[in-house]
Each structure stands twice: as structure tokens, then as C-alpha cells.
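You will see two complexes here that share subunit A, one where it goes with subunit B and one where it goes with subunit C.
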Partner chain A sequence: MLTFIARRLLYSIPVLVAASFLIFVFVALSSNPLADLYSNTHLTPADIKVIAHAKHLDASVFERYWLWVQDAVLHKFGNNLSNGDPVWPNLERVLWHTIELLVIVLVLSVLIGVAIGILSAIRQYSIFDYTATTLSFIGFAMPVFWLALILQVIFTNIYLKWHLRIFYTAQLSSDNPKYWLLDRIQHLALPVIALCALSVAGYSRYMRASMLEVINSDYTRTARAKGLPEWRVIGKHVFRNALIPLTTQIAIDFGALFAGAFVTEQVFTLDGMGHYFVVALTSGDPYPVMAWLMVVAVMVIIFNLIADLVYGFLDPRIRYD
Partner chain B sequence: MTDRLHEPPLVGTGSIGTQPGMEMTEIQAGVADHTITTYEHGLEVRARSQWSYARARFFRHRLAMVGIVLLIVIFVAGAFAGQIAPYDPTLPSADITVSPTFAGHHFFGTDQIGRDYFSRTLYGIRATEQVSLLVAGIASLIGILIGACSGYFGGWIDNLLMRTTDLFLVVPALAVLLVAAKYLGHGSPVRLALLLGLLFWTNIARIVRGSFLSLKEKEYVEAAKASGSGNFRIMFRHILPNTIGPIVVAATLLTGLAILNESTISFLGFGLDLSLGTLIADGQAAGLNLWWLVTMPGLTIVLIILCVNFIGDGLRDALDPTQRRIRA
Partner chain C sequence: MPEPLLSIRNLVVEFATEDGIVQAVDGVTYDVFPGEVLGIVGESGSGKSVSTMTLLGLIPQPPGKVVSGEAIFDGRDLLKLSKKAMRDVRGSEVAMVFQDPMTSLNPVLTIGYQLGEAIKVHHKDLKDGQVKQKVIDLLRLVGVPNPERRYEQYPHEFSGGMRQRAMIAMSISNSPKLLIADEPTTALDVTIQAQILEVLKEAQAETNAATILITHDLGLVAELADRVLVMYAGKVVENGDVHTIFSNPRHPYTIGLMESLPRVDVDEEWLRPIPGSPPSLINRPPGCPFHPRCFLSQGRERCRTDEPPLRPIDESRHKTACHFAEELRDHVIGSRREVAGTST
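On to the complex of A and B.
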């Protein structure tokens, strides 16, 4: 098992290097982090050239990439080229905010999605099943940012009309809240609902399909034939086996969930990774953009590894060696 | 050696009799569409090809038919936006912040400087439809070429495909798209479509690769090889037609994916100047009490993607009966 984890991590290193190099070349060649300085009347073009030289902006892109690798490994991603702030403290803060959001969404959407999927499968073609199917079709068709915005519109208008504060529609927390937890829940509720809607639509469909496949399998018929009570057939034989393909799907969908969190944060102006990336990209500075990409890539790799380990736990036939 | 297999089947000239076996399947397939076997006067049986079965299955799929009719209406309205739109999409007017009404033809209302949102939505549909159709075309083309080569030849091109797929598993596609769109695609539908196409070909390539891997072992490929067909001919005349079903399904669903991504990029401000995503962003900036500015373009996106997904499901049922109906 340990060798499996080590090998998986080692395999992902070349992919990380390739991805980082491609993105670095792209950002570095096409943008100038010092663009803002040209509007500064106190600086002559010669001054800017000196600054650019000090930051190695006039070096070749390969040298710059190598400098960035050194900064990333030795100095926690170094300092922003545009304003000299260290990259890591800001990135660390937004990273935890996004992880908070993603963990809540993942737990909630898996629980709800699995529950809906099971109910739809054991009551196939019931009213509940049809309703769930219809809703999930609509869920697939909705851009996340639009759903987030609609929630924002509804709750803003409720507040404007009746001065009723049910959920906050922007930011992560108020200044000096009375009850910190309640305040946080009020802030995170709408982003969580928007993101869950998308994931629940996918997970419930997937769970339903894999439940149906197991229910119609031979060993389920055997379990019924030997007289097991229905709850035991479903709970012990069907449910656990149906979870296996779902695990793979959740791992594959993680990228989509992250992209969803990205735009949701932008809509609700949450101080998270998505917001950070858009600001970094707008400034044209490769350092925060690259640091962001590396952190996200590592997150995705770790998440896929966890999914693989859960997979082994659900299906004892799988051996890691 | 001449390539007899691909000459038009010579029905009734004795070619079936003189060369049995190898040519039978091809000739039967070619003729089956038109053959009418007469049993008795007035009692005729028309032999049906795979395609006519597929067509019948598709036309029986009610949701897909609803989807295709609605989508055609929406796309035609978008294509003729210049003729249909009741107002100029960029011209401010005195009718500021009108909520949706039929009276002044402001079906989707107007924004804070009086631009008619119905007209703007029509132009937005036009941009969205250009981008999505181009993306489906570009991605299918690249995907078919690379997938076919990688499945048929294996080797370095197969490696390239699988490693590229690995890359996109690690870096979120949206981030790559935003980085690229900021510098390359700004404001131009064609360039944005190129970007999306260059990113989304991997899915189709994997499907084509999978089909090619199994189909290249079939007897008819062996037969074509024996009769002297070149690799190129085998790949695109013999194998490719048998993978068309899954490709069409994937390309349809890709159209929906392209629309979602295009509107997201535009919403974040890195995409087009006037598309459905931009309209929603404008609506948000105008103030959340003008709810229709956000709602109307968004509902249009939802409707388009619902139609595309229904059509995709119908096509899957029609063309790809072996595939299970899982929407993930």
C-alpha cells in the first residue's frame, strides 16, 4: 500500500513539471506584470527597464522558468513580481477557505446524491423517480454561476423588500459577528446550495444507474432466493457494490466541482481560490498564477489518490502492489 | 493489385457468383437499402438498413424531437438576429429599467441605460451558437484524426494522447481556458472556439481510439488488407464509418459543454463582448433588483443546453444501443 502511494506520487511529478512549464511559458510570454508602472508619471522608461532587469523579466523564458522553480521550491513560491508581496501567506489563506467550502459541499452532495439515487432505484418509475430525473436534467443544464446568481438575486430582493436577513449574499463573514458559527453558516449557505445542486444531479443519476445494475444481477437474485430480508439485500449486498463506480465518478468530477467553486466564489465574492486566481490573472503576474496552479494540481492528485484508496476499501478484490 | 472491394457493387453481372465470401458483406450492405423482395403481388418486404433503424429510433424519441425543434427555432432566431431583433442591441434608449413586458416589445425588459435585452439575447445566442458549433467541429476533427492514428498505429501518438489526457486530469480545464482566453481569445468567437476545441478534443479522441483498438482486429479489416488497401483507406473508409455513432453522440454533448464553458468564461470577463454569459455579467453589475437582466439570458442558456442534452440522449439511443444510459 505504501509503495502504491509512493509510486502514484512519483508518477505525478513529470506531469506536474510539464503542466507548470507549459503554463509558465504561456503566462510569461504574453503578459507584463509591470504594465501598471507605465502609467506612473514618476518613473521614466529607463527606470522601468532597471526594475524589469532586477526581476529578470528581460531574461529568456527558460531562465525565468528555472528561477521560478527555485523560488517555488526554496522560498514558498517567492514574491509577486508586480508588487513584491510574498505569495504563500495570501494563497494559504484562500486555500483554507476553499477547502472549507469544498469539504462541506462534497459531504453534503454525496450524502444527498446517494440517498436520492437509492430511493430512485428501489422505486424505479415512481413519481419520486420521475421528479428526481427531471430535476437532475435541469441541474445538468444549469451553468453554476447562473444558479448562484439567481440565489443571490432572490435573497437580495427578499432583504431589500422585507429587510429579512436569511442568508448573506456576499463575502465570507461579517465584521465582529455575535455568533461566529451562525454567521459563517449564513454566509456559506448559498454557495453550498449552488454547488450541491450541480453535484447532486450527477451523483444521484450515477448512483441510480449503478444500483439498478446491481439489483438486476445474479448474486442479488441469489441473496433474495436464500430468503434474506429486503433491507439486508439492499443494505448489505446492493448498496456497497453500487458505491464502487460512484467513487470513481466522484474522483473524476472533482475537477468540475473545483471549477464550480471557482465561479461560485466569484459570484459571492468569497475570499477563496477562484477569486484569487481571477485577480492574479488580471494582474498578468506569473508568480501567483503559477503558485495557484501548483497548489490546485497537488490537491487534485491527492484527491484522486484518496479516491483510489477508498476504492480498495469498498472492493476487497483490489490489491495495491 | 487493384482494389476491387471499393468499386461499386456489380449487381447481376455475376460478381457475387465469381468471388464469393470476401465481397458478400460489402455488396449486401450496399444494396440492402434499396432491395425490394417480392413475395406475392401486393405483399412486399422492404429490407431496412442499420441507418433506417437508427433514424426510426431517433424519431420515436419524443424528448429528442421536442429538443431538436426547439433548438432549431432558437438557433435560427440567433442566426437571423439582425433581422428579427426589434431594437438595436447596443443603442441606449429612453425606456430605462423596464421589466419584461409585451406592450413595448421589451419581452426580456431593458437595462439601466435602456438597451433592449431581448435583442441583446438574440445577438448573444448568435455568438454562443457560432462558438459551440465551431468547437464541436474542431474537436471532432482533431479527436477523430488523433484517436484514429493512436488506436490504429499505437506508438508515440498513442502516448501523446494518453499523456495529454493525464495533463488535463491534473490541471483544471477552466484555469487553462482562462489563462489562454485572456491572451488569445478576447472578443473573437472564432479564436475562443479554437481554444475550446483545442482543449476538448481528448474525449472524442479516447472514444475513437477505443473503437479503433477493437475494430482493427476484425475480419473485414484483414480482408481489406489482403486485397491491398492502404492504411489510410482502411482507417477512414472501413473502420471510421463503424465508429460514427459514438462520435456523433459525443460531439452533440460536447456542444452543450462548449456552451457552458463559453458562457462561464464570458461571465468571468475573459471571453466575448456580447454573448449570453456577458449579458448575465452585465445584469449582475447593473444591480440585483433588476432581476430580469440575470434571469432571461440564463434561462435561454438552460433551455439550449436542455435541448442539446435531449438530442444527445436520443442520438445515443438511436445510434449506440449498446451503451448504457448513464448521464454522469
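On to the complex of A and C.
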């Protein structure tokens, strides 16, 4: 297992190099970060040239890439172009905010989704199954921003009408909360609900389908023919096999959520990765954008590695020696 | 005559499908006696598997449904057992060997675990070490080499033949009184089939379990079975001891099955299949289910209108469901050969 992890980590190095190069080339060539300076009447084109040279913007792409890689590795992605602030402290802050949010979303949606999927499968065509199916289709169909806004409107109105604070509808935490945990729950609940709706809908459907496939398999029949009680058949023989296809989905989802939770973050004004990216992109400064893309790439690689390890645990046919 | 171990009476099993109700098993009656091997033959869809799966409650319900009948095993009706009582019968008193060893073992659990589980569920008092020793002994008995190492392995590390050996070991692990082998060699290649046949014989001799051998391989039946049941379209059409069935078949379907086998003692260019195909089990034709394909019927009125009952013939235990079985008394297998040969 350790050799496998080491090998996988080595494999990720070329992936990261390729990703970083593509990121740099696309971002560096897609805009001119000094464009704003041309509208500044106090600067002559010669001044701008001096600035560009100082920032190595007149060098070749490969040269600039190499300088950027050095900056990224040795100086934590270096500084902003616009005001010279270091990139990493801000990125690190939003990274932890997003990880906190997503870990909660992931754990909750997997637990709830898998539980619903299992119950739907073993009680196929029951009222529970039909209800879960209907709700999950609603979950699929509902745009996340819409759900987030509706939740926000509801809880804002509750507060305005009855002065009752159930959940906060903005920010991640209060400045000096009396009860830390309660404060966190009140702040995180709505974004978590909004993000979970879609994932729970997805996971419950995946789990139901793969459970049904395994329940009707030959080896489940063998397990029953041995005289095992049904809970053992489901728990020992069906559940583990049914989890295998779900693992891929969860790993892919994590990468997507990581980069794509910005709608929810915007609605609830959360200081997270999505929000950071939107701000960085609109500022026209390439360095925070590239740093953000690299962090996301690393996270995606890490989660694929985790998914592969989980596979190996679940399925002996792909064990790595 | 000894008491039968298993008596099936008028078993009717239906499946609800989108096209209508399929009567997979339609009034099947037979006995299995202690220690004997009963071969059930018939083509795909004749109801031979369903009739035995029903005994252990292993057909999915719905869409399957046991409409009527009883299956008295050791004084109890298997079809009316509670779930708990059925679980105690499964794998302990009645065990099964399934057709496809490639898919019948759980891919994510070791062979040792899967066999041990079959023992432990019925012998809760056994310690893990004892169970493991028993599993290793069983694997050795069915001819799995190096059983100590094989115990730790997963099904994908076993070949098809080895998996079927493991399945057989699993089925005899609790010394069942009745062993149901559902096409145990169909999914294997020919050389392995012969080996598995030997293993089955040994397993049967070891446990002295009555065995129901479901197959469409007449060779397997001739080799292993004491008595034979021929099924067609969910019904038993002929029933007798193996020598009688092979030397003196009294149902045109049985004759058709035997004549469709290639022979090594005659030089021949063509196989002789039974013409036509089995009837739809949704809208059964009236009369004998075999009459549209029958060489004996030849458009006789009675075959189209009256369903022939399974009746004794030749004042023996031999039974057949053909109105004109007497005409087959002197039938020699292969005598229609030339006629069939010229018509193809």
C-alpha cells in the first residue's frame, strides 16, 4: 500500500507540472495585466515599459513561467501584481474556510445520500422509495442559487418579523460569539443545506441503483442460499460492493464543489475559494488567479488519490502491491 | 418403497412480466428419495431451475409468485415456512450449487471467509479456528490444491473450475440432506466439466445427500443420476429411472432430446434438432404443450385439445405424459434418422 501511495504521488508530479504550465500559459496570455496603466495620463509609454521590464512582463512566456514556478515554490506564490501584497495569506484563509464547509457538506451528503439509497433499494417501490425518488428529482432540478436565495429570504424574514435568530444568512462567523459551536452551526447551516440538496439527491440515486444491481446479483443469491439473515446479506455482501461505483462520483464531486461553490458563497457572502476566485478574476491580476488554479489542481489530485485508496480498500481486485 | 425426502405436489409458479403472466412452473409433481440422484433435464425456460429455486424461496417475489402446491421436506412444507425457519433450512439441510461460478461468489470477500460464513451461520458454537480448519478440510476434499494458501485468496485468484470446487465445498459444508446442483458444469469448459463431475460424485458419496441435478446435458444425467425427470414448458413430461429413460423413452420430447445428440458411432453430417421452438408460457396452447413440434402427433385431434396427464406406463414407476406413448414401445433411438436427414 505504501509503495502504491508513493508511486501515485510520483505520478502526480508530471501532472502538476503540466497543469501549472498550462495554467500559466493560458492565464498569462489571456490578458495584459498592465492594461489599466495605459489609461493613466501621468504615465508615458516609456514609463509603462520600465514597469513591465521590472515585473519581467516583457520576457518570453517560458522565462516568465520559470520565474513564476520559483516564486510559487520558494515564496508561496509570491506577491500580487497590483499592490505587492503576498498572495498566500489571503488564499490560505479562504482555502480553510472552503475546506471546512465542504468537509461538512461531503460527510453529511454521503451519510444521508447513502442511507436514503440503501433504504430505497431494500424497500423498492415502497412509499419511502417513491418519496425519496420524488424529492431527489426536485433536488436535481432545483438550481443551487435559487435554493440558497429562498433559504436566505425565509430566514431573513423570520428574523425581521419575530426577531428570532435561527440561522445567519451571511458570513461564516460572528466576531466574538458567546457560544462558539452554536455560532458556527448558525452560520454554516444554510450554505450546507443549499450545497447538500444536490449532492444528497445524486448520491441517493447512485446508491439506490448500485444497491439494486448488487441485490439482484448471483453472489447475493448465494449469500441468501447459505441461510444468512437478510441484514447480514445486505451489510456484508451488498453494501460494500454497492459503494464502489459511488466512490468515483464522490471524488469527482469534491473537485467540482471545491471550485464551484462560488454561487453559494456569493449568496451567503462567505469568504471562500469561489468568492476569492471571482474577485481575483475581475481584478485582472493574474497571480492570485494562477495560485488559486494551482491549489484547486492539487486538491483534485489529492482527492483522486484518496478515491483510489478507498477503491483498494473496498475491492481486492484492484489492490496495489 | 422408502419415504421420500422431498415431495413436491402440484407446484405452480408464475412470474408477472410486462407482456403478461408467465407460468414458469405449471403443476409439477415429483419425489426425491434419500441418497438418490435425481436428474432434471429440459431446455432453457422449461422451469427446471425455477421449480427448485422456489423450494428455498430464492425466486424474487415479486415478480415471482408461488400460486399453489406444496413441497414436503422432512415433514414440513417448505413453501409455508417462516423466514426464520427457511433460513435454518437454507445451506444447512438443503444446499445449492449454482450454475455460474464466475458470478456466484462475492468478489470482495475471501474464499475462506465465504465458506466459513456458511458454516458459522448454522454452527454458532464453533470457534473461528475450528471453522477455518473445517473450511481448509473441505477445500482439500473437493481437490483445491494448497488449501491453506487458497483460504486467504479472493475469487478472482481462482480459475472457473476451482471456483466451482469451492462452491461445491460450500454446499456440502453443513452435510445437507438435499443438494441442488443447478447446471453445475454448464459455465465450464469440457475438460473441467469432467473434473467437476468427479468432485460432485465424491461430494455426494461423502455426504450421502439426496441430489437434484438440473442440467440440459444428457451425458451428465447418464453419468450421475439414478432417476430422471424430463421437463417441458413448465411441466413434467416423463419420469423414470435412468436406464428406462435412456433405453426405452416413452415421450416424443425425450426421444427428440436424445436424437439431437451427436453420436460417435455413426458417420453423420447433420445434427437433428427438434423442429420449432418451445411455446410461449404466457398463452399456452391448449392440449399437449409439445404437439406443434411432435413427430408422433402429426396433426392428431386429441393432441391439440386434451392435455395428456402424467400416467404410469408398462406397469412400472416409469411415467409419461403422452396420449400415444404405447406407440413408442418399440421405438429405436435414431430410427427416424434417415427421414430427418433427407428433410434437412
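For this structure, a couple of remarks:
One rule holds for everything that comes next: the second predicted complex is superposed on the first by the 298 of 321 C-alpha atoms of A that agree within 3 Å, B and C clash if a C-alpha of one lies under 4 Å from a C-alpha of the other, contacts with A are read in each partner's own complex, and residues count from 1 in each chain.
The definition used in the following text is that contacts are C-beta pairs under 8 Å (C-beta built on N, C-alpha and C of every residue); 3 or more make two chains touch, one makes a residue touch a chain.
Quick caveat, the model's predicted, so the values are computed rather than measured.
Once both complexes are superposed on subunit A, the partners subunit B and subunit C fit side by side without clashing.
Once chain A of one complex is fitted onto chain A of the other, the partner contacts of A:10 are absent, as it touches neither subunit B nor subunit C.
When the two complexes are overlaid on their common chain A, residue A:237 makes contact with subunit C while staying clear of subunit B. Using the contact criterion defined above for the overlaid structures, shared-chain residue A:217 touches subunit C, although it does not reach subunit B.
Comparing subunit B with subunit C, more residues of subunit A are touched by B. Of the two partner chains, subunit C is the only one that A:225 touches; subunit B does not reach it.
In the superposition on chain A, A:127 makes contact with neither subunit B nor subunit C. Legend: residue contacts after superposition of the two complexes on their common chain; A:315 is shown touching subunit C, with no touch to subunit B.
This overlay, made by fitting chain A, leaves subunit B and subunit C with a least C-alpha separation of 13 Å.
Listing the residues of subunit B that touch subunit A in their complex gives 163, 166-167, 169-176, 178-180, 182-183, 256, 260, 263-264, 267-268, 270, 277, 280, 283-284, 288-289, 291, 294-295, 298, 301-303, 305-306, 309, 324-328.
Across the complex, subunit A meets subunit C through its residues 216-219, 221-230, 232, 236-237, 240-241, 314-317. Subunit C meets subunit A in the complex at residues 56, 58, 60, 83, 87-92, 95-96, 98, 100, 103-110, 114, 117-118, 121-122, 154, 156, 167, 170. Residue ranges on subunit A touching subunit B, taken from their complex, read 12, 15-16, 18-19, 22-23, 26-27, 30-31, 136-138, 140-146, 149-150, 152-153, 156-157, 160, 169, 202, 205-206, 209, 213, 249, 252-253, 255, 258-259, 262-263, 266-267, 277-278, 281-282, 289, 292-293, 296-297, 300-301, 304.
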